[in-house]
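The next part holds the structures, each set out as structure tokens.
There are two complexes below, and they share chain A, which is joined by chain B in the first and by chain C in the second.
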Partner chain A sequence: MTSLVSARNVAKHYGAVRAVDDVSFDIEKGCITGLIGPNGAGKTTLLKAVLGLTDCQGSLSVLGLDPFRQRKELMQNICFIADVAVLPRWIRVNQLLDFVDAVHNNFSRKRAEDLLANTKIQPKAKVRELSKGMVTQLHLSIITAIDAKLLILDEPTLGLDIIFRKDFYGNLLEDYFNEERTIMITTHQVEEIENLLTDVMFINDGRIVLDASMDALPEQYVELLASSENADEARKLNPIYERDVFGKKVLTFEGISREQLTGLGELRTPDIADLFVAKVKGATA
Partner chain B sequence: MDPKWNEDLPIYRQLRDRVVAMILEGVLGDGDALPSVRNVAAEYRLNPLTVLKGYQELVDEGLVEKKRGRGMFVTDGAQKQLLKDERQRFIEKEWPQVVATIDRLGLEADQLLREMSVKKSSKPGGKND
Partner chain C sequence: MRSQLALLQRELWEHRSIYVAPIVVALLMTLAALTGQVSVDGMDHIDMGIVGASNLPENARAVVLTGIMIGLSTTFVFAMLIMTIFYALDSLYAERKDRSILFWRSIPVTDFETVLSKLLTAMLVIPLVAFVMIVVTHLAVLLITSVWVGVRGGSGLHLIWASAPFFDNWSATLIFLLALPLWLAPFIGWFLLVSAFTKRSPFLAAFLPIAILPLLEKMIFGSVVFAEAFFARSIKMPLFIDLGTMARLFEEGENFSSLGDAELSLLGLMDLGGFLSNPGFWLGLIVCGLFTAAAIYVRRYRDDS
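Coming up: the complex of A and B.
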């Protein structure tokens, strides 16, 4: 079976800067993959390459197409919400629906109107009259009304208040996602999406430092909460990262079974945010 | 509104426990429909597969049945079954610990029971506080 998105040795250089540096990964249908990385890690560049918005080295196939050369075909089945507002500020909501209806084959105007009816957004309102949260809602409503196979979200909830953020993901699951659809999502607000994901990728300095299914994480990674004496013993098993919490040591291990650590302290599965710090900081330490 | 997930247990397991609690409390009765996977996923912002896995546990335990195209339903006698299991579990697992605590603290079981029945009878209205 071929993957929905398949990247092999993808690279993108801006002058001497390697924004994306020899990256390979696969994303299967029906997955919600989180792409997590600090600012400047190469997340947006990678997403742009997947969307065909930038050329790149290596080979990249999205829905079986070359995103840069077959962008037009690809755009029929792919949707994107960027971290920067891209809806023109002067346009009215109903004009926007007219436009998308005219240019997109897979858009259901009826569905978009039904979704908007559940919000406070008026059809006659101009984009510039809407709050930031409402613009995102509008954007999501349009995207949800497009029958696309792949949805790419780049920091979709940046700058939104907590209510809008929760509604955003709630609506995404309720109205958009099903097993035929696939979502790639980047965000800094890791806690907010970690229970949503089927897969997670960490990217740092243009390289993928972790690519795993969420189900596999508890088998691969374990955190030990140990006293200082026990920590000395545990260090022999080469933790990838160590930090202090309330006078105790927290050691993160990769590829070490829980049995090997029993008796040394409390064991738990690291959450995504802690694991991210462990992988990124641990690698540079 | 947001549930606090316990870090020590997988979320699907906690979902299963929550439905079990709802059946035990009678919030969900025999034959009642469980909230749809999509609804629960959206409400708690969980991956739908996680919700499905939790529901599947309940199906495997015979507490819930899948009806094709219609969703998940509490099986007849689920509450009875659960009460039986819970009583069994309490007697086997929790009660010995309670007894041990009573002993350790030097309390008299008779005295505790008497106090409990006094409390019960002094609150005729029940849940008015």
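Coming up: the complex of A and C.
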């Protein structure tokens, strides 16, 4: 496999604030990587650096290019949907298609029109006349019609209702994704994307606290649901995090085999949201 | 090239006033010509005008027609100046205000190309649209006039179409329309820069320094370098031979007897070579280039989206 994104000691400071602090990671072709972190953790800054929208320290290579200095070449092969990257409100749908067609070498207008034909979006409509959900649908249709290698989604479904959110991810997998394409995604609604991800990265205070493939998570992490008595026994194995659920203790372990915990209670693989809390809160406790 | 054309097209989509405003001005002028002719139609003695015009030598009629055509063009020039100011101030501000800048930057187009498209729109597209509408208005107003003259028994073909110095007038107009933004380029560059950096009210941010700098200079240093630079830039465009000669020619034109056989030529009043070799012209372009480069830099490096 080839690395599409390769970051080594990437850092970005805003004055004294370290938005991204010495981060290194690789993203392989054909992966869907979730970048999960609390507000202000540096997710958006990191994505902006990958997109070449902001300069950063360290070495960052995206599709073999320096994103900040070769943004134009990069943008031929990267697409981007963000809650904040809104489509201009004054533009008409067909004008938008004309424009993207003229500036993007890899855009298939036919494909975009076919995708839009399945929606309620009229070619003559102005973006300002569309609902927020429809604007996102329009944006996704355009991006699906661009033969790009890397798609970056930053809170793409923020403010959308549940139907649009489900459709969005449905279309993303069905129409957009294939083994030639790679997706990097951040969202607060972790549960909704958990099943799509092949890889996950946690970021907190500008640092990466977890970088793993989803397949590897069950081997590395285990959650024990134990009674209070058994919990004392289990604590000897150094859980990274502990919480109470209905009078029982839930302990999260890292690097502990399931055999070692057998007999102490119910074992399961933590879901992403719980694991995230364990990693982030456990680190500060 | 294809991207640059698409970017220019996008400016016209976003700023429809670039062509809507001149069309409105053209319609108003045409309407004024129509109603003006109809109202004088009620007066019988106006036929004297036709008689008078028929007795004038052709070069004198050309002067009168030139006056009419310049009068019509002037309104467009003012409209164009106002529009250029508003356009330039809005061009890099609107995309930040409506938060579409990240979308525009997610497309394979450099910041240089984008800012260049805004500069070209201000310097080239707006004047060319104005030019087309001026020509259309000239033709419409002269057509209305010649129909009116024809109805009153005169020969519109002879009095107007054969006498109007179209080539001279339109060439001179086109040169003037293209030269004006080049001469005012430092202001346009400054407006682009303000539009790229200001957080709010670009209009204020652009004009406050223009008003305050000369005042401060006068108060602190007692000198008037800025004031004179601004004044010279706004008033004294070195495209014409000199304003005194021009005024005299027009006065003589009013007093047709002194005109003799001399031809009035607007092109003849222009000194294009002198304009292009004027150091002030080139200095202005350099200042504009610096401001534009700064605008590109700000768009590329600012990070507040």
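Criterion: the second predicted complex is superposed on the first by the 282 of 285 C-alpha atoms of A that agree within 3 Å, B and C clash if a C-alpha of one lies under 4 Å from a C-alpha of the other, contacts with A are read in each partner's own complex, and residues count from 1 in each chain.
What we mean here is this: contacts are C-beta pairs under 8 Å (C-beta built on N, C-alpha and C of every residue); 3 or more make two chains touch, one makes a residue touch a chain.
Computed from a prediction, not measured in an experiment: that's the story for all the values here.
By the touch criterion defined above, A:177 lies against chain B but remains apart from chain C after alignment on the C-alpha atoms of chain A.
Once chain A of one complex is fitted onto chain A of the other, the partner contacts of A:51 are limited to chain C, with no touch recorded for chain B. In the superposed model, A:192 makes contact with chain B only, not with chain C.
Taking chain A as the reference chain, the count of touched residues is higher for C when chain B and chain C are set side by side. Residue contacts after overlaying the shared chain place A:43 against neither chain B nor chain C.
Residue ranges of chain B in contact with chain A, taken from their complex: 2, 5, 7-8, 10-11, 38-39, 41-50. Residue ranges on chain C touching chain A, taken from their complex, read 2-3, 5-7, 9-10, 13-14, 95, 98-100, 102-110, 301, 303, 305.
Against chain B, the residues of chain A that register as touching in their complex are 32, 166, 169-174, 177, 192-193, 195-198, 214, 218, 268-269, 271. Looking at the complex, you find that chain A touches chain C at residues 48, 51, 53-55, 71-76, 78-80, 82, 84-92, 95, 98-100, 102-105.
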